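Below are two complexes that have chain A in common, paired first with chain B and then with chain C.
For the complex of A and B:
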């Protein structure tokens, strides 16, 4: 009992000390205002991204970490519209603007105006190339390559692969695909026998796969870009073909389907994507920059990966119809800044 | 007299839609030749499955376009998404709610269609702007209503939409029947004839006693209802309604109308062409995918081939 009290006491002291050491950080940004400039909200990933932003930032505002953190989304995913929006945010006097950009270079003019006005600009996911801005980038190439690393480990004999790509002409699609092809080059037992564009949408993928499938030989694996795995599974099922190993992209319907297959016949695969909560990582990075921390301009987001062992846990934590998510804390942000 | 009649028949019905079917057959044959004959039947079966959805929205769009220059419904994708999201949420995967879900989906479509015409008529906004802006409103409603969460369809609905009889999708058979009915409606009923008359000359139609405003209202409402039906069925077919499920069907709905040989200037329409064009569009993408061409070349060829087919069909008509 006495020992217990002592522990409580020492914990209390530690907490007070921690509070004291943290206070300057809180005080420095307590009057700062951060804006989120978002180019698109029309899919479940972006919806989860905005929900996470709202959840974390409203708590931060309540705790007095920042004065406000408002989210603004453009209606039409257009560069001109987002550039105008950024100019409005400059006029409204925000201290930092967090951007998920419609284009890597077309917004640079507006971004540089913001920098010139002394505003810190932090881009994530859809990054901007203006040198004055910070970039929280995703290593899409590695995301593609990791799929082949997994396949090579679990299917040492190799086989025929079907590649489902994203939206043609988009930088992300080229990068992930380049990573996949690099992985195939290193593991020559695999061969890509077909490639379709699924636009990261389940119904488009289903349609594209259903079209090409009759002309393909037996497929052992399907490499994907996220949002397309369940559609591919539907197409294989409808065609009455043996179910290949389909790499998933963290959507709840994909994880749920995987779980059903796992329970029924021990189906094995893995799932990898970026957590929509990356917006909260960008928020904390912005807060750290405003706090005067020395933050490198180029940062990289960690992947959110689901494996055979933690499938149940991740699935249980994912809302029906949404996408597997994780919200980042200030400590996570500090780790990313430190490059760990 | 007979010669004049047969010439008339050829100009209006005979020539325009045959090109879409010819195109569909040509790309299918090219695909099958390339694969050495494997999967010929399965490719056709898949094409029928997916063409069904383009045909449903295409029918609504065709009637609207036939009303004459400037008439087009750009709210189809948003209506599909909205009706799909609302009905899936109301059905909550219960088989017993399938019919109520369908009724509610169709009511959503009806509301959007009537609202569209309300904007066009009472506020005198051109249809292209009116339907575009209402699509923003409807899409926002869908986002607010579903928060982007994908809800699974009832088991029975999923089975119905994916069922096949001897390789032929059940849904395709139903929609072929629906298209036949719509064809009769277009050519043999007062409503259909009125739509054609308005498209040929709105003023003359009015003087001849056609209730122009009522017919236009009904046409936009019909387009909304068909888009909603498509959203409902597509959500059942592909395992749930998602926020971007309609995106593909804006261009598809217009493309099948035009490639199918319906006049963009209005006044002349045909139903069979929709099927030919929808099959052609799917088989074209399948062919280019099978050839394994890069995305750039694929898009380029898609554009060139579509222009080619339209020129062939349209050139003969003039």
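For the complex of A and C:
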């Protein structure tokens, strides 16, 4: 087995050398191995992320684009465990490591060790701040702001807003909320009259909204962070209040409820979130880096937005209990790299 | 039959080294690349903070108590290390000394009020976590340069971690197993009443062991940020259970002052390597925690087996 690996390795080296002398082809990365280091798999978004990774990478391996693309998830969502996992991946000789990190800073030691060993490190979603790594970041602030842009367009008169936030103390929650507040500052006809933490979960959101509703004036819009729209709708319904415009977050139950309302009374809203398939974008970016492409260290992921017109199409493609998803292709990655 | 008894004791004390060797061989077999300076360094460097945390836990277990707050404490130390210790070293050192004093005071409180250590330390774990969040609300900070250099120092021959762990294990071994006061302290765990009758202060013994635990907790936190370069309040929550498992795996017992410092360090390394071993085996994460538990059970079953043959 050992000898076999060595032969493969030396063959790989020979292949790379050959590739350098010949004109670069698509299969330049055919002998490269990419690993996914993931810190958590305990919710629908992460499950969809892993499924997308598996789907796209197994096709890529079959087509000979890369030699292998294995996914590793730590058993517990802990920084020290993921640091050890990254060190193991270095030992296993991967050429690139794609990371969804448990902490933006605390993995830097392990990431720097990987870089020192000549391994390309690409972080996405949960990014790492080590200068030698690539970051595929999500502009969460923009995600919050976009909601206000939509509201301002569809409700020029403005009104009272209820904000549902995510998990307290998490960076993502602060960013989205900051974006929402920035949007409100720019559109002064809107006013946030209440704010609750829904922890990105329908049941928590429903309870939190039901708790605050009796103390609130009439609400015209609900700004959210995803995973909380359906719960909010249920709370409004149970309280017998007029249904406000609730921004959704691409979850299947949210889209389904929206579709029902749309069919019944022409309910209008929009839905925005990050597609779990962003892992596949990270995969293609890693492949491009290994291929020698000049990739800037900071990249930004596009959001996945669902609008009134493509609701049916997106809902049909989303499994029950899952999140609207899109898998990225090599061309998408090239576009993101080019900054388009 | 008499000649058999010491050999069973010997077997028992050799068990931690044996388990470590087995895991190491298995890893070398699965991943030949690990069999190098570079590989050993990568495999073992995260074991040093765990070894320190395990020694801290062992100090508390020596006097028949259990520390459920050590993980949060290490996290707090890491946060202090990545902020104050870096920006104003004097303040940082002062705070860390205060931490050790706080641990001694905790030992005194537990003894004087006759409180269950589990309750006090569990309560304190929330206190430490809260403090850590106050010091460092979002992950970040920067480890002091000298800590970073010390932890990335490449010693000749073998990775620094191995030298450091061996040194610490030996120092603690001589302090607790070979010195006369060490015997008294272990006696507090074994038979406190007779130790008291002999004229020794149990309060003093408990306070010094808790202070020592605090000291090792500080070392654990500082060495951890030397590896990670920055801190996170939740960085070491796992250390609480890991440290208890490390002590037991290393031949210690929950009661009776029966401990083994060398074993505890070996136990911490075994646990670290066990996780790597399972990941090299490519076991699904859903099963990994269970598999880690299975390794623990196997080692403990071996120990019971050795104990039984010893009694016959």
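The rule is simple: the second predicted complex is superposed on the first by the 314 of 340 C-alpha atoms of A that agree within 3 Å, B and C clash if a C-alpha of one lies under 4 Å from a C-alpha of the other, contacts with A are read in each partner's own complex, and residues count from 1 in each chain.
Criterion: a contact is a pair of C-beta atoms (placed from the backbone, for glycine too) under 8 Å apart; a residue touches a chain by one contact, two chains touch by 3 or more.
Model, not experiment: these values are computed from the prediction.
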{"item": "Room on chain A for both chain B and chain C (clash or fit)", "value": "fit"}
{"item": "Which of chain B and chain C A:326 touches, first, second, both or neither", "value": "neither"}
{"item": "Partner chain(s) touched by A:41 [first = chain B, second = chain C, both, neither]", "value": "both"}
{"item": "Touched partner set for A:204, first chain B, second chain C, both or neither", "value": "first"}
{"item": "First, second, both or neither for A:253, with chain B first and chain C second", "value": "first"}
{"item": "Which of chain B and chain C A:112 touches, first, second, both or neither", "value": "second"}
{"item": "Which superposed partner A:243 touches (first chain B, second chain C, both, neither)", "value": "neither"}
{"item": "Contacts of A:293 with chain B and chain C, given as first, second, both or neither", "value": "neither"}
{"item": "Partner chain(s) touched by A:152 [first = chain B, second = chain C, both, neither]", "value": "neither"}
{"item": "Touching partner for A:171 - first (chain B), second (chain C), both, neither", "value": "second"}
{"item": "Minimum distance between Cα atoms of chain B and chain C in the superposition (Å)", "value": "5"}
{"item": "Touching both chain C and chain B, counted on chain A across the two superposed complexes", "value": "41, 75, 169"}
{"item": "Chain C partner contacts - residues on chain A that touch it in the complex", "value": "2, 41, 70, 72-76, 78-81, 83-85, 87-88, 90-93, 103-110, 112-113, 117, 169, 171"}
{"item": "List of chain B residues in touch with chain A within their complex", "value": "31, 34-35, 38-43, 46-47, 49-50, 136, 139, 143, 147-152, 162, 234, 237-240, 242-245, 247-248, 282-283, 285-286, 289-290, 292, 295-296, 298-299"}
{"item": "Footprint of chain A on chain C - complex, ascending", "value": "31-34, 38-39, 42-43, 45-46, 49, 133, 137-141, 224, 226-232, 234-239, 272, 275-276, 279-280, 282, 285-286, 288-289, 292"}
{"item": "Chain A to chain B touching residues, read off their complex", "value": "41-44, 46-48, 51, 75, 165, 168-169, 194-197, 199, 201-204, 206-208, 210-215, 230-231, 234, 238-239, 251-253, 319-322"}
